[in-house]
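The structures considered in this document are given below.
Here subunit A shows up in two complexes: once beside subunit B, once beside subunit C.
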Partner chain A sequence: MTADILLQVLVSGLLIGLIYALVAVGLTLIFGVMDIVNFAHGEFLMLGMYASFWAFALFHVDPVIALPFTALLLFAVGVIVYQTVIRRVLKAPMLSQIFATFGLMILLRGLAQFFWKPDHRLIPHSLVSGNIALGPVQFGLPQVVAALGAVGVTGALWFFLHRTRLGTALEATAIDREAATLMGIDGQKMFALAWGIGAACAGLAGGLIATFFPIFPEVGSNFILIAFVVVVLGGFGSVTGAFLAGIIVGLIEVLGGFLIGPEYKTAIVLSLLLIVLLVRPKGLMGKA
Partner chain B sequence: MSNRTVLDPRKALGAVALLAFALLLPLGITDPSRLNFFILILMGAQLGVAWNIVGGYAGQVSLGHAVFYGIGAYTSTMLALSLGLSPWIGMLAGGLLAVVFSLAMGWPCFRLKGHYFAMATIAVAEIVQILVTNSEFLEGAVGLSLPLDRSGLAAMVFLSKLPYYYIILGLLVVTVLVAWAIERSHIGYYFRAIKDEPEAARALGVSLTRYKLIALSVSAFLTAVGGSFYAQKEMFIDPGSVFAGAMSIKIALVAILGGVGTLMGPVLGAVILITIEEYSRTLFGSTGSGTDMIIYAMMIILVAVFSPAGVMGLLQDLRRHLPGAGKTSETR
Partner chain C sequence: MRFMVGKAKGHGSTTRRQAITRFVATAALMATTALTGLTFGSTGARAEDEIRIGVIYPLTGAAASTGVELKAAAELAAAMVNKEIAAPEGLTVAAGLPRLKGAKIKLIFGDHQGNPQVGATEAERLITSEKVVALTGAYFSNVTATASQVAERYGVPFLNAESSSASLTQRNFKWFFRTTPHDDLFVTNFFTFLEDMEKKTGKELRTLGLFNENTLWGNETTKLQVRLSDERKFKIAEKIIYPAKTTQMTSEVQRLKAANPAVIMQSSYLGDAILSMKTYKELGFSPSMLLANDAGFNDSEFLKTLGKDGEYIISREVWALDQAERNPLIKKVNDLMRERSGVNFNGNSARSFTGIAVLADALNRAGSTKPEDIRKALQETNIPGSGLIMPWKGIKFDANGQNELGQGIIVQVQGGQYVTVWPTEVATKPIVFPMPAWDKR
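This part shows the complex of A and B:
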């Protein structure tokens, strides 16, 4: 009996952990390429959720079907954000960089509140719903689909970074900006690409969880903190590290919530951040 | 240390005039809600100036200052409720507790540079908010109310708004004086060195962590004092008001908007921010419509892109470009 419950807890931790990984991957990619932390990353996720919601509410398009559009839309948002704001603060003092993405965070939240009201919204019926049982363990089908989607997207990103020309150029920029520029890689283009991909990853994560998670303007605030823990644990800039760390954080969150109390689960995850900083500041797979 | 300049008489005169204006301002106000508006500005300014010590001078951006604010509010209130202690003493106790907390928090968090330090401060504030919300001892999410039966100066409870105005004005003056003293002392130079040239400062033997901790603890003390004042003014506190992430953001915003690293920038920032808040509320109806957020987010982004020194920096640039401004426009 207890073993069954534990197994159930571990499975749900794994499922949510894969989502965290997907959110964090975009954050760590942007950081790796240009040393900027995107405070508005949770808001990209929020936009992804609303994209799914409106696709469903206005055009009756199922969130799963809408995913490619969500990805494209958020890729565009990421590139626009880079071109309009981030590009201008690249050489500015660090404070300006923090304020720029921090301002974006508040702006996107404010716009969402203004246009879409602060209410919690839900997508009532979607293609994937219900539970599946595997022996004694039950899981919600939407959660499983979301987790599988997250694995797929993260895997595709890994493949892109390591097996394609453009991806390698991006990775090279992350490793050594100067050297990459000398090799003829257009730094500006790579930065814009990183923002596009980073935003698309967060947006996809939002689209994937939109079927089982309430949608509201401030939904990103919780995810950005967790994604931050994942990035620190995984090692700044490491996509593989973020993937592993996402799973670990998901497991710790659910397990901690189960053992200590669900009201403390976020506090437990955030404490993990401080522990990592004290014990192993460079994280699991960090560069420095 | 060597260029400790003589007081600029024009600036001294300006400061005296500003103070006189602030002291006389309530005489012309009969409407308590109008007076409350000015109290809110002074509260915002006091917090912004306090934040600026660590976020502006030392360049360590904290987005979790509500944790100190909340510690101040809860300490003075708990001491008043359980021991009947005067909030004047409670205020100091809250400040000291915030200092202890800031040292414990700074030790791991200062291992992070720049952006990530900012994120870590959010995390710490969030943890504390969760713990307080679930603490039976602190009445959890229900919050604490101060009894109305004791009023007067010792209990810092007044029926009129006027005493609150003068108390927060006094606290603001003290906070500005502390910031001013730091600005002019050798500590202020170290802070700026840490902000602008951390590697060079380290090479010269400046202990980065030590001075960052000094900056954070002074800022924490003053922020906690502001929290105690809030508790006395509102007579009610709960985690959602004093420990909230939105509070942290607001504290930082005041300084960022007005001008990071300038003495009076945060005061200007508070005037702008609180005015925007009030007017967007009356213009666009209830809170939660997001308009105030949109307006100040646009302002922050513009400040970040065009004028990292905030509105204060813009004014200084303007003054420099005006004919006849000459050399006196150097303000710090």
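This part shows the complex of A and C:
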């Protein structure tokens, strides 16, 4: 009985951890390439959720089928944000960069509330719904699909970064902007690409959780703090690190919440952040 | 093409360390920075015969959807007081303000975003720069606590219509009044209800799982539930106070499932209420009774988003549409609300409506807009139940400003409606018990 429950808790932690990983991967990518912290990252997630919601509400397209569309849309949003906002503060002082993305966060939230109302929404009849029971362990199908999707997207991103010319160029820009420029890589293009991919990852995460998580303008704020913890734990700029760290944070949060008490689960996750910063500030796979 | 990345490492490491510092600094900023207040106050010209009332609600932020409904209800009440809309005869608001020579009330809205500090700032702004004669709001108990402190300091009446934290009227405030019954009464009702159910069904309902959110409201509810279960010989199998606004609730639900209590008593705002229902279903957990403490479970968004998955939950209420059978005025006012805002009243918005009605009644009897006169008139309030859209015996404030004549009902979601199931004398439908398992629906 206890072993069953423990197994169930581990599975739940793994499932949500993979989602955390996908959100954090986009954040860490942008940070790795250009050292800018994107406070509006949670809002990209929110936009991804709304994209799925509207695709469903207006065109009856299931969130799972709408995923490529969501990814493309958010890619475009990321590139546009880069071209209109971020490009202008690239050489600006740190504070300006912070306020640019922080302001973007407030703007996107405000726009979402203005256009789509502050209502909580759900996608009622997704293709993926219901439960699977595997012995004593219950899985929600939407959660499983979301987690598998997160693995797939992160895997694809890893492949892109390490096995394609364009991806390698992006990595090179992350490691040393000037050297990469000297090698003939167009830095501006790489930055725009990083924002596009980063936003697309958050959007995909949004599309994947839209099948079971309530959709509302403030939803990004629930995820962003955890995403920061994941980025720190994984190591700044490391996609593989963020992936592993996402799983670890998910497991620690759910397991810690279950064993010690749910009232401490946020505290547990944030203590993890402090411990990582004290003991190993470069994180799991950071290059510091 | 391969890039020479090894050489760049030394340079890269310094920027990375700086970057880490920067990252931590910004994360700290993120954690501590509250969004600055957006205000909804109007700055139009002030007519001589205009009585300004400050109304503080969560108009942005996580509870914005509730705030918007409260605002609509308050505006409807104001429109009736001002005779812009004809109010059904017999209702308190229908009287208008004859003793103020037909002056009109004007609501000036403030947005507290669910944040107690912002609530206090908004109260201060409404009092000092908008010159309101009285304040009402703020839905969230913790915001009502801070905002009413400001009103107390300035000597401006604060009428709270929809916050149920018991401590609010235990502060010996001179300027604070509350129309709604508070949590003590609601929570006491739960236990009486469970005892009634035991008698009726012959089933043991003595093991409880407490599942409450971690702000002021959830914490106070927990304390009270612990005390009452002690007094009434109930056993607490599990007690969970969870962080509001969370990304997952599996650890919480797993603990509940492991403890397997007969009854879950849950206090959640909307987002958490939806997420917890989804998690119950995901993990296949259905207690024989889910007894919710109003708020998120009674928000009109709750059933709209969850649909059939919201069925059979039981919640306490101060109001239900099916009470219209007892009081035809309720139906008429609700029709007007739906006409104007497209939604039915719920327990929250009906109480907001009532709050404005009570303020208008006091203003009229005071025949003045001086704060002290309004306070005195509020203290002397005596409205019969028949003048209200609430299932109350009436409104009459005790020395602490608490309405003594309020009472609560218990409702269950059946067929997409909240129907009154307790107390038996006002019930419209029999209760469905136990709650059907998820795979048997």
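Definition applied: the second predicted complex is superposed on the first by the 287 of 288 C-alpha atoms of A that agree within 3 Å, B and C clash if a C-alpha of one lies under 4 Å from a C-alpha of the other, contacts with A are read in each partner's own complex, and residues count from 1 in each chain.
Convention: a contact is a pair of C-beta atoms (placed from the backbone, for glycine too) under 8 Å apart; a residue touches a chain by one contact, two chains touch by 3 or more.
Keep in mind that what you see is a predicted model, and the values were worked out from it rather than measured.
Per the definitions stated earlier, placing subunit B and subunit C onto a shared subunit A by superposition produces a clash between them.
Of the two partner chains, subunit B and subunit C are each touched by A:P281.
Once the two complexes are overlaid on the shared chain, A:L111 sits against subunit B while remaining clear of subunit C. By the document's definition of touching, both partners, subunit B and subunit C, reach A:T266. In the superposition on chain A, A:I16 makes contact with subunit C only, while subunit B stays out of contact range. Once the two complexes are laid over each other on the shared chain, residue contacts for A:M94 go to subunit B and to subunit C alike. In the superposed three-chain arrangement, subunit B is struck by just one stretch of subunit C from 4-12, 40-48, 328-336 or 346-354, namely 40-48. Residue overlap on subunit A between its contacts with subunit B in one complex and with subunit C in the other: 31, 35, 37, 39, 94, 98, 102, 106, 110, 113, 118, 217, 221, 225, 228, 232, 236, 261, 263, 266, 277, 281.
On subunit B, the positions that touch subunit A within their shared complex are 59, 61, 63, 108-109, 111-112, 114-116, 118-120, 122-124, 126-127, 130-131, 133-134, 245, 249, 256, 260, 288-294, 296-301, 303-305, 308. Listing the residues of subunit A that touch subunit C in their complex gives 5, 8-9, 12-13, 16, 20, 31, 35, 37, 39, 94, 98, 102, 106, 110, 113, 117-122, 124, 131, 133, 138-140, 142-143, 165, 168-169, 171-172, 175-176, 179-180, 183, 212-214, 216-218, 221-226, 228, 231-232, 236-237, 250, 253-258, 261-263, 265-266, 277, 281-282, 286-288.
Put simply, subunit A touches subunit B in their complex at residues 31, 35-37, 39, 85, 88-89, 92-100, 102-107, 109-114, 118, 217, 221, 225, 228-229, 232, 236, 261, 263-264, 266-267, 270-271, 273-274, 277-278, 281.
Those residues of subunit C lying in contact with subunit A across their complex are 1-5, 7-9, 11-13, 15-17, 19-20, 22-24, 26-27, 29-31, 33, 35, 60-62, 64-65, 67-68, 214, 240-243, 245-252, 254-255, 257-258, 270-271, 274-275, 278, 281-284, 301, 304-307, 438.
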